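As written, the chains take the letters A, B, C and D, and residue 1 is the first residue of each chain.
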C-alpha cells in the first residue's frame, strides 16, 4: 500500500465546519456519542477521509453507520480500543463529499462500560460549511425508536447490539423525508411511568433534562452524561413521543421489587382483563407531567404523541393524558397520531417492527407532520 | 472490556466444516478471495466469532459483507494489513449460527497489488457441517455482474470499490431465490471479444480456464491466480453469461492501439449507424468459441446467455452466435434470456443498474431458471 | 340470435337459496335495494342468468356491479324502467357459479324518486345453497363509506352517481379480506350531530333504527324504508362507525337555517381556531347517544369507531365520547381505530379517497379487526 | 323519471368531430366495430350522452367498455338488438367531456353472426374537435393481445366473451403510457403459420390486408369485413407483432386434418424434444413473408416483434426470421423484444396473462418503444 502523504489530522475541536448530531456535552476533545443516531457530519473535499474513534464496553459493543452523499456505505461493529477508521478513499480530491458517521445503537443503560467517542479526522481535503436543515425534530421512545429488530432474521431472539439500526428506523426516515435534522432519545424496555417489567426507575421522563441521564457509573459521569442538557442550543420544531408500549406491557408482566426498600410495583389488570383504573391513572399523570416537562424545555415545538407500532392498548389513556394536559396548560400544540401496527409481513427480528414496518410508519408520520409544519 | 478467554484460533486449513465460495486455489493457509461473492461460510456455535484477514492494494481497497443467519449485518472496507475482524459477539453460545463472509468487490485487474486473504477464525464455539445447496450456478459477466453502481447516489461518477456490491446484485439474489450456491467471474468494462474501448485483451473468455487469470503481476502469480481452474471440483447446473454490453460499447468508442505492436483495434459502425458486418461477425465467432469453452469445462450445465440490463444492441448477434454453436455442437442445452432494461427509476450510481434493477432482473431470471432446473 | 328456450323465470320470493345483502324489508316481490352494497347472491348452475330490475329517479340514477365467482365482471348504469339484464351466458350448464349483483350507489336522500328493485331471475340452471360467512360486519358512514370519489379522474368535481363504488370501497374490501358478510349504512355529507353544512337533520343516528329512514317521500314509505329494522334477523359481530368527517366540516362551514322555525345552527370555532367547547361537547353527546343506540340493537357486536381517511380533527372528541360511554355503560367492547389519511397519491375524484386510499384503509382495518375477531 | 327534452339525435355520419378507433370500413351509417379496442371517441359538452347500438350473435355476445375523461366507468355485455345505451347523465352541460366507447372483445371468427354497430348518439351538448395523438401504434396478436383471461377468477376455464378485456390489456396500457392512438388485430388461438392446433388457415398474415378478413359469412361480407384495408388512411409509427405462442403450441398439439382435401398438417418435434428443422423453417418463412407484407403496407413504421408473455420457445426462430428478412430487404427498422413471462402471481383466468402480467408487459414495452420513438 502506498501511503497517502497528504493526509492531515484535525481534532474535532479544531474543525470550524463540524456539524454534531444528537444530544451531547460541549466537549469535542473528544466528542462523546451517547444516543442512537448521534454523530458527526462533514462536507469535505479530498481523496480520503478517516475518523479516529475510541470505544469500550463490557457487554454491548457500539456499531456505526457511515453515509457518503446520503448513501449508507458501511455499517460496522466497533471493537474496543482507540483507532482509525477509513470512511472513503480514492475519490476526486476536488469534489465535496457529504459524510455522516452515526452511532447505530442506543445508549446502553445496561452496560456502564459502553462508550463511543470520536477524537479526530484525517484527510487531504478541506472542510466546507454544513448548512442547517429547515426543521429540527426530536424523537423520544423505546426499543421501537431504538430500531431494535430492524436487522436480523425473524427467528433471532437475543438482545445484542447487532440487531439495532439508527439509519433504517422510522425516526431517521421521517426526518429525511421532511429534510429535518433529528435527535433520538430512546431506551429499549422503558416507558413513561415504568419499564415493561414494572420497574419505576426505568422511565424516560425522569432523565429528560440531562444530557443522557439514563446511563450509570462514574465513567459516564466523567463523560458528562448527567449534566443538564443545554436546551437553548437546539430547539426542535416537533417533538415526537413514541412511548407507551412498555407501560402497556407492565400490566401483563410480573411485579418488580425494589431490593433496597422492599417495595413492590405492579400495574394491575381487572378481572375482566381491563386496566385497573388507579394504575392507568398513574400512567396518565406521568404522561401529563412529561408533557409539562417537554413544553417547559421546548417552547415553540409541536408535540406529537405517536404510538401504535406494536399495538395500542394505552391509546385511550394517552388521549386522556393529553386532554388533561391541554385543559390545564391551555396548550393547543399537542396532538396524537396513531402509527400503523406491525404485522406478519412487516415484523423484523425479536418480534419487533422490521424495516418494512419502519418504512410504513415513516410514510404515515411524514404525511401527518407535513400538515403540522405547513401551519 | 473484558477479554473472552475461551476464544480459540483455528487456521482455515484445520476447519473440517469450512465451506469456501468462489473460484480459488487449493491453498487454505491462507485462503485467497479473488472474485466478487467469494468467501467462507460456517455453521458455528459459540458466543463470539472473529476472522483474521490480510489485505493490500495500491488503488482499490477490498470490502467485505458479513451475513449472520442470512441477514446482512455488516459491510465494510478492509484497509491494508493483517488483523482480526469481529463478526459477532454476545450471542447464546449453544445456538448454531450460519455465517458468511463475502468479498464485496470484483477481482481488480487494474490494481495488481490488490489482494484479500483469510488466515484464520477465532471462536469459543464449535464448527458444524455446512450442507451443499441443491444447485450450483456460475455467473460470468462485466460491471453489471460485479454489482457496480448498486451503492451510492445517482450522481456518483467515480470508479471506486465503494460503489460495488456482491450481496445485492442480481447473481446473488437469483441464487438465493433458487437456493443455489453460486460463483461469479466478472470484470467491469470487459467483453467477449474486447473491452468497451476496443482492447482485445480485456475479454473474459481468454482467462476462463484459469483460477483468476485476468489479474496480473508476480504477487497474483504467487497467489495462484494463473493456475488452471479445477473444474472437476465444482460443476455448475447452470452457467449464466451476462456479456455483450461492453462489446456493444466498443462500436461507439474510440479505437484502441496496441502500444507494442502498433496495431489498432476498432469495432466499426456503418454509415447508417448499424454494425459493420465483419466486426459483428468477429464478436459472434468469439461468443461461439466461448460457448465451446464453457461446454468443454461444464459438461452437464445448462448455459444461459442473459443480456439486456443496459440495453441490448448485441442481441441479434448473440442469437446468431448461439445458433451457430448449437448447430455445430449439436448441443441443445444453451438458451438466451433477455433481462429487463434499467430505467430512470431503477438506475443506480455511475449510470449502472441500481438495487431495484438488480431485484427486477433477479425476479425474471429466477422464473426463467426455475423452468430450466425443473426439467 | 338463437333464443335459449330452456330459460325459466323465478320470482325472488320463490327462490329458496336466495341470499339478500343489505338492510331491506321482508318483501321479495320485488326486493328493494336501498343501501350501497346491498343486493342478491346466488349459487346457480346453468349456462345463462338474467335478472329483472325496475328502477326510477329524477336526479340520480342507480348503478349496479355484478360479480361472477368473485370477479367484478360488469359495472353499469340502470336507466329508468323495468327490464331484464343478462349477468352471464354461454357457460357450462353443469358448473355452479357464484353470482352477486350489488347496488353500487348509496341511498339517495336527495332524490325521493330514486329506487331500485329486483323482481325475478331467469335461468336454465338450478339454485344451490349460499352458505353464511363466518362473520358479519356493519359499516356506518358518510361519503367515504359510500365510496364517493373512487371512480373518475381527479379533476372531476360534480356530484353524480357515476363516481361512487360499493365494490372497491374499504368496507367491501375489509369484509372480503375477513371473509365476512357486510352491510353499509352511509350518506354523503352526513354526520353524527349535523351534516357538513350544519343541518341538524342530516345525521345518521336519527334513522339508525329504521330500514332506511333517511330517505323521504311517499314512494319510499310504500317501499317500507321507514319501517323499523328487524335487528334480530342480522346481528353483526362488528359495527364499524366511520363518522365525524362532516361534523368536523361543520365547524368551518356556514350556518344552517331551519326555514320553518327560523332557528340557526352552527358549530363554532374559537378565535384561536380551536373548537368551541360547548359545540364540541354537543358532538360528543350525540356520539355517546349513538353508541347507546348501537349497543341496544347489537348486543354482542364489538363497536369500532374508525376515522381518519380525510383528516382527524374530531379524534379527541371521539375519544372523549367513547370514554364517557364506556364509563357509563360499563361496556368494554368499544374501541377506536385511526384510519390512514388520504394523500396526493391516494386521492380519487371529488377530493375524496381514491381506490388506493380505500385499499390502504382496508389493509389496516383488516389487521385491526382480525385481532378483535380472534378474541 | 323526467325526460330530458333537450336531447338531440345525431347519426355518426353527421358528426364532424367523431374520432373512430380501430380498422373498419368507411361506412358510418352505421359504424361497424370489428376488432377489440375499436370504437368511437367524442369530446362533447352537455349534461347527458347516449349511444345507439345494434348487435347480434349466435354464440359470443359483444361487450363494451365506456371511459369518461379516461376513467373506465362502465363495462357491460350488449345483448342482441338495437337500442340506446346511456354513457353519462346529470353532468354540467357546459363542461367538455372526453368519451370513449370501445369494443371489449376480439373479432369473433368462431361466430359469423356476431356483430356490433353504433348508429347514432343522443345528447343535449355540442361536439368539439378530438385531436390526433402524437403517435399511432398497431398491435397484431393472438389471445394475449385479445386480453383473454384478464377478467375472471384463476379457476375459470370456459372460453366466453366475459373474460376478455380491451381496456386492461398491455396494448391499451402501452399506448396510453406513450400517448398514442392504437389499433389491435388479434385472434385467440391463431399464429403466423398455423393455429395452436395446426390449422394452416388460422393465421393472421393471410388476412392482414383486409378490413377484418378472418371473419366469415355473408353478413360480414355485407358489413365490408373482406374489403381491402385503406392503409393510406392510418399509417402507424410502430407495428407490434405479438405472434408465435400458438405456432409454438402447434408442435405439441395433435395434427389437423383438412376435411376437404384430406391433407394432414402437423408441426413436428424431434425425438429429443427439439423442433423439427423443416417445420421450424416453415414458421420462419411465414414470419419473414409477414414482415414483407407489413413493410409493404406500413412504409415508415418501426416493426417490433414482441413475444414471451406465455413462454418463448419460438424466440430463436423469430430471430432467424427477422435476420433473414433484414438481410434480404435491407430494412433496419425491425427489431425483437422479449416480453416478461407470466408467472403464478400474474396469471389470470384460463391460464392466460392476468391484469398484473399485462401491466408488467406494458411497463417494459413502453420503455422499449420510448427508445425507438425518440430516434
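Worth pointing out:
Methods note: contacts are C-beta pairs under 8 Å (C-beta built on N, C-alpha and C of every residue); 3 or more make two chains touch, one makes a residue touch a chain.
Chain-to-protein mapping (UniProt): A, B, C, D = GDSL family lipase.
All figures in this text were calculated on a predicted structure; none of them were measured in a lab.
With centres defined by CA atoms alone, the chain at the far end from chain C (GDSL family lipase) is B. Distance between chain A (GDSL family lipase) and chain C (GDSL family lipase), defined via averaged C-alpha coordinates, is recorded as 44 Å.
Mean C-alpha position of chain C (GDSL family lipase) lies 38 Å from that of chain D (GDSL family lipase). Separating the centre of chain A (GDSL family lipase) from that of chain D (GDSL family lipase), both taken as means of CA atoms, is a distance of 58 Å.
In chain A (GDSL family lipase), there is no position where the chain touches two or more neighbouring chains simultaneously. If you draw each protein chain as a dot and join the dots that touch, you get one closed loop, with every dot joined to exactly two others. Chain C (GDSL family lipase) meets chain A (GDSL family lipase) in the complex at residues 272, 274, 308, 311, 315-316, 319-320, 322-323, 332, 336-338, 340-341, 343, 364, 367-368, 371. On the chain B (GDSL family lipase) side of its complex with chain A (GDSL family lipase), the touching residues are 1-2, 56-61, 68-71, 73-77, 79-80, 86, 88-92, 113, 151-153, 155-156, 158, 160-162, 349.
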